[in-house]
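Here come two complexes built around chain A, the first alongside chain B, the second alongside chain C.
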Partner chain A sequence: MRRIAAKLFNPKSDRAGSDPRRSRRWWKRVALDKSAHYTMRLLTMATVGLVPLIAGALLWRAWPILATHRLTSLLFSQAWHPLRGEFGFLPFIMGTLWVTTVAMLLAVPPSLLTAIYLAEYAPVRVQRLANPVIDLLAGIPSVVYGVWGVLVIVPLVGNQILPFVSRHLGALALFRTDNPTGFGVLAGGAVLAVMIFPLIIAVAQDLIRAVPQGLREASLSLGATRWQTVKHVVLRRARAGVVAAVVLGCSRALGETMAVLMVVGNVPQIPRSIFDAAYPLPALIANNYGEMMSVPLYDAALLGSALVLLLVVLGFNVASRLAVMRLVGTN
Partner chain B sequence: MEATQIRIQDLNVWYGSQHILRNINAAIPARGITAIIGPSGCGKTTLLRSINRLLEETEGMRVSGQVLLGGVDIYRPGADVTAVRTRIGLLAPKPFPLPMSIYENVAYGPRIHGWHSGHLYEIVQRNLEAAGLWDEVKDRLRTPASRLSTGQQQRLCLARALAVEPQVLLCDEPTSALDPISAQGVESQLQRLKQDHTVVVVTHILRQARRLADNVMFMWLGELVEEGTAVQLFTSPNDPRTKAYLAGSIG
Partner chain C sequence: MKQHRRRRLEERFFLVLMVFSTVTVLGSLFLILYTIIRRGMPALSVDMLTKVPKGGYYLGKEGGILNAIVGSLYLAGGGTLIALVLSLPIALYLHSHARHSRVVHVTRLALDVLWGVPSIVYGAFGFIILLALGMRASLLGGIIALALLELPIMTRGMDEAIAMIPDALKEASYALGATHLETAVKVILRQSAPALLTAVLLAFGRGIGDAASVLFTAGYTDRLPDSLLSPAASLPLAIFFQLGTPFPAVQQRAYASALVLTVIVLALSIAARYFAKRLTRNVVK
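Let's turn to the complex of A and B:
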């Protein structure tokens, strides 16, 4: 070791300048270093550039409909009659919001509690067992969740949950429906919830773990219980991270297409109850793009709805980033 | 010497298969400052953290033996860990202010125990005064504790620990992250606290032990080599290892 060091730092053995072979190698090293730098920079810029590129392409293809219809009528009209030239996105926007809201209500509490358990309570043995299985959930293809939803969730909703709820809570508009099939907002939300579990658990767990151990010990050594420590100290410190985890799950839920489209009913209406069928934006695009393209403006309308979806997700991400920044700032 | 506050009997600690503390037997007298000295990695901190059962927060730690606080074993089955930790406070080497305001940091302990919320302000004031921080922060009690300097944060942690009225205060190298002036501030607060608290200080700074300690425990490679009053141990140590360490020839 010492001999190598001596060789490295001995000025006599360093003949980079005088030895032509060394110097050729030196040039090669510098060239490689520089080209690696610029290649990586180019790739990074290309990735960043994709977002405006996609948004621009969508805007360009959606332009015919934006030019002929008022934005307010596109966004806030319920009428979706392509053959009559009426394109109101509101049922689809509301469908997306309903399904996502139900999914978040179902997913956030259990996945945060799971994350807290795994980060704060579980012995290493349990963590080593649970985390790979949870990661596996994230790797299951969307279409498999869809099939599972059709085979299990939809009959469960239609045959068990709907009769039970309407018997006991039927007076509430939220639970009243004339759609007995089980295909609808609740089924879509439930399937989505299971799909975003692993994401929220993984991100929230990592960020809870990042809270310094000394903070936990400070609280524990005052005689706090573990739950008090988690609630008042760990979660307070990890607040921004938990928000970020939830938002990440939400963005995923907003854009998820396949599994939702298979169980949500796909009726272009504004849902009034969790049992009503809905038609979220991604399902609209996936079901219809490539068909009925002879209808004037239909293609532009679908791409317009894609643009709306993109803007909703973008707006969501920006808002959450601001929220996280504010939370971090006050800490 | 006064009555024994903490008696440690046949304490052994393993981390995995590693035997970190070997057959520790010691008596820590009530009130006054007891310093645990020794080189890094000799088990000082482990011994300290076994006294308020914080060791078990690290997975893989195994403890056997007894630690008697006022004659009662804190490791007995069914012992209430939170009660143990309420009676035995801890000051960590680095200040860890809780993510809340200065006021809330001190009020945190009394709050979680559900104590007299009506008198919280008085409790906060009294303990900030005891930690020598009151005059510096009385006008900004609601600002986040993280805005304080490191030295102020450490005194805040001291006030926070005192607010649950512990009998024993464990200090793990309490000045190691501080500049000399802040360190002096903390030391002088400890000097005052020893009037009515039992203070145990882990330090690897011999000069600090000489300044502070009434009693000294010297540890070497997981063993308690020697304990005694500061005067006796520093002037006429019995064990050759203690002599060598004090002379600076080992450790």
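Let's turn to the complex of A and C:
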């Protein structure tokens, strides 16, 4: 108690305490202020500790499987037979990578072009209209994206794109499949792409806007066209920011669960073509929460995969945030 | 001359491409809304909104999704309340004495990272907490998971709201002899109230729409939640489960439920924007 008191009031102000001008009310106010300050500081510190706490808790629950299985066999084995105690995560890791790659290929070009358009070309009226709409797009729950995927994207892939592509490009392994349903990597990637549009657009737009106006004016005054200015000056200056936006979108795509789960087919295999069904890691975790307590080591395996997911996303996030911070610092 | 033509062609080409991309992005939102309304509207009925599932509901018998609507409001409401109690002091701290210190820097980074953590990981973490406490999936578990999910969203929103307040206002308050706490409550909170409300509403919208985090922690039940320790249904999971049944009549209800959820979330989002604009009467600029 005394130590707390000593911390709250340093000796200098203690002497002030004997000062008759310092009323009782003054002491009360200061005490209240100090205790609020320390409470706030405690909460803030706790937030910083939350990330390691989550990682630690996952590691704790995943430990049984890490202790009994070699890490290489967990990560690179295809054998997924929880009942026989075989946990090879390769099909799920590959599923995640396939879906995320397709999503990024579909999402990055239109998002960046939209961000450049809104930041550099669009009249103010268009910006005022477009940005709130993009924000609304960001707010739609992932389950609704999933429903939309099932209603629109999956039939589109199954009935239109798949027959067309396999007729014309069927010779390529990338487009060959025995899964005619439309549920698969392409559908998952397409839904994910729409989901990460708003994120990439918002971050890229902010960082493109942060490029000093003087640079643009210098370029334009040398006779460059607007697109040349964008290409050679603005994008060069905002390069780190564009990368950061893409990486952030990628990390969102890696962890997205429900929407992907609903359209990706969920077959534990390594996809060979964009029409094959896949089974990404988050979908695996979400789909098996019911049974996981009844099979030995199953819960450890699933929470272990949550840990892997967390660490990958964490790495992507920190890298991108640091890039943004450095960029904002230089401008 | 030839080069000149090529430059103009390139300029045109990319402009067309950019406009096309923007229209695609904006169009995808309208396509989603159109699909959900078009397929959800016919299946929507008063029964859907006012009844809980009766026996055989998931086979196509009668009932509604009141359990999920109420459950979702409880879950997101509780989560938002806890997140609010935690994030307000944190946001204020980020703008108090320690404004440029290392702690503040690290906290912002931590919040951004937490924002990026997938909701399924929050679900798994909440599940571990429940296991450690010896509890089952329950309303309380879901509330905890959602509070964690909403915390970074709300705190960062408030952080940005408070950052908009001119320093001179705070300095004037300090100069009058107010303590940090008094300035925070009487000046900062008052000045940023509309923007703080926006942050709260946005976090609520994120919470009510999230499925992966409540999947492990809140469970699912056909009854209305009656205590913190009993399981609670939620709208996103109601959509997910109904869509997963093989019966077209039940799948129709999933579309209707998706419409309900979308309307709630969009209304929150629009309300948030409205408050950010309108409630600025007492705000000194």
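We take it that the second predicted complex is superposed on the first by the 276 of 331 C-alpha atoms of A that agree within 3 Å, B and C clash if a C-alpha of one lies under 4 Å from a C-alpha of the other, contacts with A are read in each partner's own complex, and residues count from 1 in each chain.
In this section, a residue touches a chain if its C-beta (ideal position, glycine included) is under 8 Å from a C-beta of that chain, and two chains touch if they have at least 3 such contacts.
As the structure is a prediction and not an experimental result, all values here were calculated from the model.
Taken together in the superposed arrangement on chain A, chain B and chain C fit without clashing. By the document's definition of touching, of the two partners only chain C reaches A:Leu118; chain B does not. After overlaying the two complexes on the shared chain, residue contacts for A:Leu59 are found with neither chain B nor chain C.
Once the two complexes are overlaid on the shared chain, A:Val267 sits clear of chain B and of chain C alike. Of the two partner chains, chain C is the only one touched by A:Ala306; chain B is not. Of the two partner chains placed by superposition, only chain C is touched by A:Arg252; chain B is not. Of the two partner chains, both chain B and chain C are touched by A:Thr225.
Once the two complexes are laid over each other on the shared chain, residue contacts for A:Leu314 go to chain C alone; chain B is not touched. In the superposition on chain A, the chain among chain B and chain C reaching more residues of chain A is C.
Figure legend note: chain B and chain C, brought together by superposition on chain A, show a least Cα distance of 7 Å.
Under the contact criterion defined above, the residues of chain A that touch both chain B in one complex and chain C in the other are 225, 228. Chain A makes touch with chain C in their complex at residues 29-30, 32-33, 36-37, 39-41, 43-45, 47-48, 50-51, 54, 57-58, 60-61, 109-111, 113-114, 116-118, 121-122, 130, 132-137, 139-148, 150-152, 194, 197, 201, 225-228, 248, 251-252, 254-258, 262, 282, 285-286, 289, 302-303, 306, 309-310, 313-314, 316-318, 321, 325. Every residue of chain B that touches chain A in the complex is listed here, in rising order: 52, 54, 57, 59, 82-83, 85-86, 88-90, 92, 94, 96, 98-100, 108-109, 112-113, 144, 146, 157, 160-161, 163-164. On the chain A side of its complex with chain B, the touching residues are 123-124, 212-225, 228, 232-233, 236-237, 330-331.
Residues 7-8, 10-11, 14-15, 17-22, 24-26, 28-29, 31-32, 35-36, 39, 86, 89-90, 92-94, 96-98, 103, 106-107, 109-114, 116-125, 127-129, 131, 148, 151, 155, 179-182, 184, 202, 205-206, 208-212, 215-216, 236, 239-240, 243, 254-255, 258, 261-262, 265-266, 268-270, 273 of chain C are the ones that touch chain A when the two sit in their complex.
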